[in-house]
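Pasting a structure below so you can have a look.
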Amino acid sequence: MAKAPNPTPRPLRRVLGLLAVLIAAGALTLAALPAAAATLADSTPTPTPTATAAAQYAQIWVRVAADKSNVAGVVVKVTGPQGFSQSFTTGADGKVAVDAPTPGKYTFTLDTTSLADATLGPAINPLVITIATGDQGDPAYFLLKPGGASANPSGGTSGSGSGGGHRVNYFDLVSNLTANGIIFGLLIALAAIGVSLIYGTTGLSNFAHGEMVTFGALTGYVFSGILHFSIPVALISGFVFGGLFGYLQDLGIWKPLRRRGIGLIPLMIVSIGLSLALRYFYQFLFGPDQLVLPVPAGDTIAVGPVNLRPIDIISVIICIVFLLLVAFLLLRTRIGKATRAVADNKALAAASGINVERIIRIVWVGAGAMAGLAGVLIGYHQTLRWDTGASVLLLVFAAVTLGGFGTAFGALVGSLIIGLLVNLSTLVIPTNVQNAAALLVMILILLLRPQGIFGRRERIG
Amino acid sequence: MDFNFIILAIGQILAPQTIAFALAALGLAVCFGFTGLVNFGQAGFMAVGGYGFAITSVKLGWPLWASILAAIVAAVIFAFILGIPTLRLRSDYLAIVTIAAAEIVRYTVKTPTLNPVTGGTDGINGSSVAFDAINPIPPGRYGIGILTYNQDDLWVIIVGWVTVAVAALFVWQLMRSPWGRIVRGIREDEDAVRALGKNVYWYKMQALIIGGVLAALAVIINIVPTSLQPDNYGTQTTFFLFTIMLLGGATTVLGPILGSIIFWVVLSLSDGILSLLVSNHLIPITQVQQGPVRFILVGIALMLIIVFRPQGILGNKREAHFGA
Amino acid sequence: MPDTTNAAKATGLQIGDPAPGVKKVDPILVADNVTRNFGGMTAVDVAHVEIPRGVITALIGPNGAGKTTFFNLLTGFDKPNTGQWIYDGRNLAGVPAYKVSRLGMVRTFQLTKALSMLSVLENMRLGATKQTGERFFSALITALWRKQEKEITERAMELLARFKLDTKADDYAASLSGGQRKLLEMARALMTSPQLVMLDEPMAGVNPALTQSLLGHILDLKSTGMTVLFVEHDMHMVRTIADWVIVMAEGKIVAEGYPDAVMDDPAVIDAYLGAHHDTDLGTLTGQLEVAIDDDDSLVQQITDEIAAESANTGSTDDRKGTA
């Protein structure tokens, strides 16, 4: 290459510069949403179950008393100790399992507006059940009878039709699951692009990426849950500290290992060790229980048949802005082009004067920042625990693999597919195997198209 | 202060858990250490073998030999399912597919719908019945001090270690044969081996099958004295196996066995010391915080071993080069 | 350059005037319509080519001409978009690489693939075909394969002696120099008792001190009745030992003929050699890639070799930073 870049790189300055741009963008996004932020919804996380299993669980089962037929698509709101509040939607078999992070008394409230047949109602509503340590499948069974108890939970259970007691029909259920799938997919995409870029530039399949997500989520928890700062502060702190974490990880672990000339598979194993150590260190610090990110009360917003909490809408906007920003950085800026050059051919990039080490450091910072942001958002979207990141790691990998390793755009599409799969699969299979379904689909797609959807065939040699 | 934990830690040398992890790690060494397959689904092989054994033995009442055969067949089928799509692809695909498949198995067996077959999250109890029925050891207590075993414990330990010895001999013979030469060649550069007319794909499949079958046998030793619990076969089990294998020496036959003994003794010792310190308020952590410490230690150990001593305790530095 | 003028060149290989795709009197390999696309780019587009039996054929062309890709296609290491090729009366399209090798068509690689964590002797033994002990159940009983192993070892030692590697038999292949590895790879390929030996840049990365013996070995192959097809950038070598030269450019065969005629053809010189007729541009590139590919400690060793050679050939191009 004829044009040699500045031979004296100032890596730190560039990193900080990039970080500043991203932060500014993030802050602007948040600033542009004051209205939405002011009307943040109730603290009910949307019914996206976590991938982890608690030590005890209850089983919701909704049936029609007359013919014992199972009723799908019924929303049941569950509240319990330590601020546990989550809505569940019954699957095709009328059942849904409720993982209880801590033992104690739980209240199960069936949302009658979600019943397709308005003439039926639960005999007893709500149900109060005590879940003891280690209980497996405590029964929370609702039998539907004509004109049953009229108790109807107030407030915004997501998934219910709004505006005058509309019934949730199959279309509404699918719409809600689709919306959730897209949100979840976008959240995964934030993390997945980091995985993809790190893989592209260093060849490392980073199994500790889940811990970068958890790191961001816990940072957000420290700022908003413990120090009581506002949501934007939680998001920005997750982003900034996530980036810092990425920077320190590269500086302290990955760069020295690259210097030692360690192979890719040993590096992958190092990331596994790091993942184990970090994950349980989080548990050591924050305990094994679920943590709650406080969200001010407010109304849900109806978008067509879909009911969304403001935080969900903010999440979507933040995700889209950041994904566009990453695309812009990669396609239009010097650093982005250099990043793609390094991903394409490291030696050639180095030969043409690109400072490969600097690019890799920037990628780590960016990946860490986005993972951190994704962590906070996932904390708001579903639940937050010491292993939240680890529980989505395989889904992130599945997304990256689906899209084609090392292609950022592919990671986005792969994430959306995974998000939709995880949510929509609950229409036909029990919720606790929804992740299994997503992983299975990944394996099946690999069978047909090993390079992923957008990967180049040559890459898999 | 109670120093019984030291004796209990020594007891780990013989414990069925140590035997099981030694066998499974030996299987992993066949896949990863000798052939270079990044099999992150060893826990999945254990689960598949375990359910193959427990379902046929407990739920269907098959005789012992038939249940063992069922476990082996289950592992072989699982190896084919995983291997056929992935063994032609780059190694990191195998890594992700195997880890995903192992998790699919775990999620699936826990499904409440399958409760009658798999026992859901409870798993399956009572795998020991057929096994203990052929126990020739007369009832009684055997051993010294607090390390005593009843006849059934002793029976498992004896059968377990004999199995380990036979498996070690089997792997050793395989690796010194021309068959072993081919897989070691594949570990380094499969195209070179392919260019010499060897069916690389089939050899990789054979290695995956052997690794899986050893995992299936391992899990039988593990569940006979206890029970089959699906969450014991999550990803952390695979990573424990990697730590054990790398600790002893991934490219050696005795390494995984030695690794398993050291791993469990050290873990047991560290748990004991920690309990002692915590219960006597010598360190400022709570009992709840004590649980994660062993995982933190394993994680750090895994990182340090692969970076600073990839050949493990018994391995040869030159051979411990796990390709890109 | 080595003295190999005593090698008698073959004549009368073709039917009619030499031209791209010309028919041969006795072809061992006939390829038709072989194409391979990468994305939108056509890497290989060979309409028709025949490789003459029992002689040495060189495949030359500028970088990116598709020579190695064509090699990969012929030996089953890559799959073509279209086309078929007949080797010894058998269509090899779609036949996997290991079966191609078993049929007697064995190849070496541009980037040497000596298995450095096996001993030199183990590398050689690996090459032997139809080993009983390579089957899983037979492997378990030493008595079934001990005798064969002994025979294989004897044959391996003979070959090693011919290639002057017998003193290194028990060393790890990692301890060999770049040139010795090329020799080992060639010797190992011969363990399969091939009919057609395909060498991908046998000279790339080889210390000048070893080039002469390497050339001698290639000529030896011909004298024992084997057919040799090799890709090479070193024009001196092509001129010295090749009986027939095929020129590729942009995936197509653009010229064919006897070495002197082809290499003096102004069209070929224009298309390929250009102004750099006397500098071995290609050789340098080959070495560079050797250095990039190996990411272990051998890199240092190889880069040192390159540095030494660059100094010898007077090249000042310092590419170490890329390794």
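To keep things simple, chains are lettered A, B and C as they appear, and every chain counts its residues starting from 1.
Just so it is clear, contacts are C-beta pairs under 8 Å (C-beta built on N, C-alpha and C of every residue); 3 or more make two chains touch, one makes a residue touch a chain.
Bear in mind that the values here come from a model prediction, so they are computed numbers and not experimental data.
> Name the chain whose C-alpha centroid is most distant from the C-alpha centroid of subunit B.
C
> By number of C-beta pairs in contact, which two chains lead?
Here the largest contact count links A-B.
> Calculate how many whole Å lie between the centre of subunit A and the centre of subunit C, each centre taken as the average of the chain's C-alpha atoms.
Comparing mean C-alpha positions, subunit C is 51 Å from subunit A.
> Counting only Cα atoms for the centres, state how far subunit A is from subunit B in Å.
Going by mean C-alpha positions, subunit A sits 32 Å from subunit B.
> Per the centroid of Cα atoms for each chain, what is the distance between subunit B and subunit C, given in Å?
Subunit B and subunit C have C-alpha centres separated by 44 Å.
> Please output the residue numbers of subunit C that touch at least 2 other chains, ranges allowed.
295-296, in rising order.
> Could you check subunit A for residues that touch two or more other chains and list them?
Residues 263 of subunit A touch two or more partner chains.
> Could you check subunit B for residues that touch two or more other chains and list them?
Those would be 321, 324.
> Would you mind writing out the residues of subunit C in touch with subunit B in their complex?
Listed in rising order, the residues are 75, 77, 96-99, 101-102, 106-109, 113-118, 122, 125-127, 129, 131-136, 139-140, 142, 145, 149, 172, 174, 185, 188-189, 191-192, 295-296.
> Using the touch definition up top, name the residues of subunit A that touch subunit B in the complex.
Touching subunit B: residues 53, 57, 59, 93, 95, 97, 136-137, 203, 205, 257, 260, 262-266, 268-270, 272-281, 283-284, 287-288, 394, 397-398, 401, 405, 430, 432-433, 435-436, 439-440, 442-443, 446-447, 450, 460-461 of subunit A.
> Can you list the subunit B residues touching subunit C in their complex?
170, 173-174, 177-182, 184-185, 187-189, 191-200, 206, 318-319, 321, 324
> Applying the document's contact rule, which stretches of subunit B touch subunit A when the two form their complex?
Those in contact with subunit A are residues 38, 85-86, 88-93, 95-97, 99-101, 103-104, 107-108, 110-113, 120-122, 231, 236, 239, 242-243, 246, 285, 288-289, 291-293, 295-296, 298-304, 306-307, 310, 321-324.
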